[in-house]
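The same subunit A turns up in both complexes below, where it pairs with subunit B and then with subunit C.
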Partner chain A sequence: MVDTIDSRPKGAVGEAAMKVLDSKLTRQMAVNMHACVHCGQCFESCHYYLATRDPKVTPAYKAEQLRKLYKRRHDWLGQLAPGWVHATQPTDEQIAALYEAAFGNCTMCRRCNLSCPMGLDMALMMRTARWMLTSQGLIPPGLKATIDTHLATGNNMGITREEFLETVDWLQEELQKELDDPDFRISVDRPGTEFLICLNPREVKFYPLLFMAQFKTCYAAGLDVGLSSAYWDATNYGLFSGDDAACKQIVTKTIDEAVRLGAKTLILTECGHGYRVYRWEAPGWYGKPMPVNVISYIELAAEQIRRGRIKVDKKRNTERVTYHDPCNQARSGGIIDEPRYILSKVVMDFQDMEPHGENNFCCGGGGGALTMSEFRDRRLAAAKVKADQIVATDAKIVATSCHNCIDQLSEIGKHYKLGVKVMNLCELVANAIVLPPKAVTVAVQEIGERPVAVDADGFIEDTSLWSPEAAVFLARRQGFGDVLERLTPDQWRVVDFTRAYYGRFGVPPMRETVCAELQLSKRQFGTLFPGTLKTLYRTAGLSREVVHKVAAE
Partner chain B sequence: MNEVLRVVENEVQLVALAIFVGMYLVRLNWLRSLRSPWETAAPKASAARGVLLSFGSVFLPWTMESTRKHFAVYVEFALFHIAVAIAILASFALPYAPQLLPQPVIYVSLFFLALGVVAGLIRIRRRLVNVNLRAINTPDDYFAITVVSLWFAAALWGLGTMSDLGLTVYFGLTALLLIYVPLGKVSHYLYMPFSRFYFGYTFGRRGVTVRKSQWRYN
Partner chain C sequence: MALRDFGGQELEIDEDGFIQDPGQWNQTVATVLAQDEEVPELTDEHWKVVNMIREYYLKFGIAPMVRKVCKDTGKDLKQIYALFPSGPAKGACKIAGLPKPTGCV
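Up next is the complex of A and B:
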């Protein structure tokens, strides 16, 4: 950093950085610059300060490093009597102090934002400061390398398409074994994929179990998910360098890829900042209405569990679990209750940290801190607050849903000898999932050229083999005697309508719909197809999965 | 009433007020001229409720960790600002609507002004003693709190004795503050509605401070 400043004429870096500040000056930013009353209420909200008690790491002090520069340029008193309000020119020394504050002593976790009586947004100020510096080449090398790699290769670890596809193949085989389903496929680049999953490159490279856990969840929920082999990286470290152009480039490629594949929804893996980027910040960078929905894996899993589409058994996770809220996902993303809802369903013993939720302390690995090896010592020192929080819960497992948090929490665990296991939420979910029993073929009838097989519930196993002859076979098997022995024209009318409806809407019609459309009373319907609606669905050749999905809803 | 007091209470006040309003309007116009990017992502919860909660949190100290932990500081903040409100209102009531200040109202005002002085002194002391606060406080901060505390004391003196000298000092300080406020730290009054609005808007629509009941888990 010092080399970069020294290589330029004295004060040149600062002057150029100030031009960047001027270009980034919004109303919100100006308000943040003027409204601080220096009351000190933010001090104890900061993990850096709590761990060190150093006056130079309080949120207000860090913000002052930027305000001093701003005031000299935009504040009346700062221009008239700079010393009166500590306004200063952008000297090399002041730029160095800003670098320390913005990159070395702040993770942009926004916790102080909640404690500020004025509601000032430190993350906005620090991100602006970071961009002022980054634009002048003052950026931690690790952070720069991560962004450059992403821009050059499409993902932040430089994983090639071949490597990616190889990993997907391997994990597909693993999942086929785990799910006991040789037909299981991970769709890659398939047009029409409804849900497109964005992964963290670390899941592809180092944590395949997390990759598998997420696909297992989607499989259990019966969702049509897939991947892009070109733009699948959920991360965007431009958020941490303040580089909006890089952010825009990255999100645009991913969103355009989703559009190309016809996806309706992007599922963001358990990546704190990735979720925030795509859910909340991307629309601003994308510059036009978002053509896809964005949800987190956490939201998806919580919703599927709540709707009963995924069966879980909490007895499979018996150890005490606590949960660390990733700042970008909770405080800046609003995902606070969903992970707790999931944990209430998938683990036996859950103990929240205090404080938690929107007031949770940053683990210390936020804001791209893990890429900045030069600040490792202070990152770990500041993590003492988190270590104490974990110890107080007496938990054996710390769950979280962010890869930066996972890495930092693992490092904290070793550094402070906590003796805890760190897990992503998806691992706990996957472990608790109870897959429905496999369909067992109980009857086979030769109809036409190929045998039609029926499972234990009486549903056709391969729906493509359905034919009018197969319908009669399926109807007769249901044990309603003469009623379904030979299908009458009225029964055919119902069957045809059901198949047409399913073909059009992707879901089978409910009884009320059939009756309304075909002008049947419920009694007449019951006479045509006795028993439950399944009698009709079986006859119409709908699959067991489709019917079970409807039942769950 | 001597002539000095009459001029300070009327002409000087009006000129100072005109300068104050003029400077505020210039500042507001400047703020208005800046870009104000709005979030365009689909909201998760209500921005309007978030804004209401944000402004309400000033009166709900238990909703903020800092005021929960330091309740005494919150009380001091409240007393200080009650005194500010009284001192401002009195500066208008005394010359233009003295009937609004019957004896009981004056007694209550004096009580809160006295507490305001105490709160101001505590604030000055804390900023001088606390090393962390010293690191961020500027001469402007010390000056602002000192002048405002003196203003409370002058109001206490003027309202309490109704003496020409006390009232002249009070109105003199009022005029000084009116001119200084838009320049220095006290101008946070101007920016606070914006900052609390942005806070409530962002955290409300993102579902951080406003939550959906469907995910209640216990």
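Up next is the complex of A and C:
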């Protein structure tokens, strides 16, 4: 049952909510309460207003619902002549209006902050208002359930440790196949893990391909990454309810876990508010100097591509892509250049939407709006602004890096019939990654050497005894030193081709054939197998008779 | 909350279209919900997934991990996403009559 102001005894909430406001009156909040000059600059910055033209959803009007209460209590003029300055007692009607403004008509995206000549922080006001209400039990039930689940189970979807570990095991197997590396491991709870990855529970529960994409990136970059099986959730919905105690409890457990495992860096998955929480807000809640660095997966991927640690091929993503900046990551987090750098490297055709970066419009799913089904119609109506932005780019794919944005963008696509595909940035990265032939090299190096009987010219006597191990022996003993000490993947390609060719045609391939088929220059061939063609034929286990017959012809 | 007609039976749904009382679910309800989730027709393959999710929910009171869905139905991830374009949470779980999951969904 939804807890509303109407279900309470009359007047029971107001005074208690005001006491919460009193306790949150920092200097910054007081400035926010006093300094609005009603200039109206914020109107056009708000997606709710632009989509509806309803004056009751302008930032100034929404903030006024809180200011009215403040003035009546703390401002001398508000006490002396309340009607003159629109000061109001915390009546049930006013508390209901505050609920509408803070939960129903604002995603705390902070876009209006940029247009405010007084530099007021709308999100700070609305978050304070949300906590005044939440502390009295007035909170959208979906938002409450998400926070309660996180506090009770350690993650916001109630995934048990057993389920988590089972999924990790499964994805490890899937990645071993995808990476073609049977030795690939996802380490869990390993002391000394350098980078600890925090995931969004939805990646673990419903969207493991995103989980895999991020581990593939780290694998390609050769990073020492791992997971905690206890506190691995990147989200923190206390940011949306204004509940600092919940925020503190959640970040403390995660950071302490990182310390316990000796991690140096937390990598935050593609999670808009999660990044903001851990990178920018957590130091305040943690209460001690941050013992770990915090970076986003996006920063990590950009850095690894820039340093050449990850090879990418943009030809694998050919369709036009646009990028939606999650508000908490871009405007409130500063991650603006990195996704664009990544996209310039992993897709062929990128088109930014306008405006973008710190000026980007909220998708409408911010502030925990996705959990508040009761405001769905408003959420989608306000998203008209975003839909228009997307259409103008003519993109086929909308990429973003936040799970709330992803779902909202998918709903926008459906609601406004945009015909676009919505993807996480990490999916595009993973798709473009060209893995180094490291896995193959490891496998080859493990091939031991097995001596076989050879004739005076170094050819194998009994061709049926040839094996990869024998090839290593046959190659090394020819006296070319390091070049044939260990066979490289390129040399194996030539050997395999030679044997296959002989098997099919009964004669060994000539140098020109090998070069043409394997796209090698003569110089490259000479580097792989120095000396005469016999160097290759000996290694490939052809008999002296066959080779000499060719030579005679 | 609103009421929605499911082939003669009126059920309460939330604004995201999830039915509120999983006990009222039946095949007709699933068929109607499927229309909203880009599943024009529920094939045997769809039913296999939907029934598994529903049975799991009735037993444990929570949506199964997609790992469990894959394991118990013998399908891989790509098949699940292909069957339910709006995903396992908003697609398959909704059609199976589960309430909206917590978290970023």
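Here is the rule we go by: the second predicted complex is superposed on the first by the 429 of 553 C-alpha atoms of A that agree within 3 Å, B and C clash if a C-alpha of one lies under 4 Å from a C-alpha of the other, contacts with A are read in each partner's own complex, and residues count from 1 in each chain.
Rule of thumb we're sticking to: a contact is a pair of C-beta atoms (placed from the backbone, for glycine too) under 8 Å apart; a residue touches a chain by one contact, two chains touch by 3 or more.
As the structure is a prediction and not an experimental result, all values here were calculated from the model.
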Once the structures are superposed on A, label A:Thr134 by its partner contacts, choosing first (subunit B), second (subunit C), both or neither. neither
Considering only touches as defined above, state whether A:Gln94 meets subunit B (first), subunit C (second), both or neither. neither
Tell me which touches more residues of subunit A here: subunit C or subunit B. B
Which of the two partners, first being subunit B and second being subunit C, lies in contact with A:Pro355: first, second, both, or neither? first
Determine, under the contact definition given at the top, whether A:Gly158 touches first (subunit B), second (subunit C), both, or neither. second
Which superposed partner A:Asp121 touches (first subunit B, second subunit C, both, neither): first
For A:Ile336, decide between first (touching subunit B), second (touching subunit C), both and neither. first
Okay, in this complex, where on subunit A does subunit B touch? 25-32, 34-45, 49, 55-56, 58, 60-61, 64, 76-77, 83-86, 113-121, 279-284, 289-290, 293-294, 302, 306, 330-338, 340-341, 343-344, 355, 358-359
Looking at the complex, which residues from subunit A come into contact with subunit C? 142, 145-146, 149, 156-159, 163, 166-167, 170, 200-202, 204-209, 235, 271, 370-371, 373-377, 403-404, 407, 410, 414
In the complex, the residues of subunit C that touch subunit A are 14-16, 18, 38, 62-63, 65-68, 70-71, 77, 86-90, 100-105
Per the touch rule above, subunit B residues touching subunit A in the complex are 31-32, 34-37, 39-42, 44-45, 54, 58, 64-67, 69-70, 73, 77, 127, 130-141, 143, 182-185, 187-188, 190-192, 194-196, 198-200, 202-203, 206-209, 211-212, 214-218
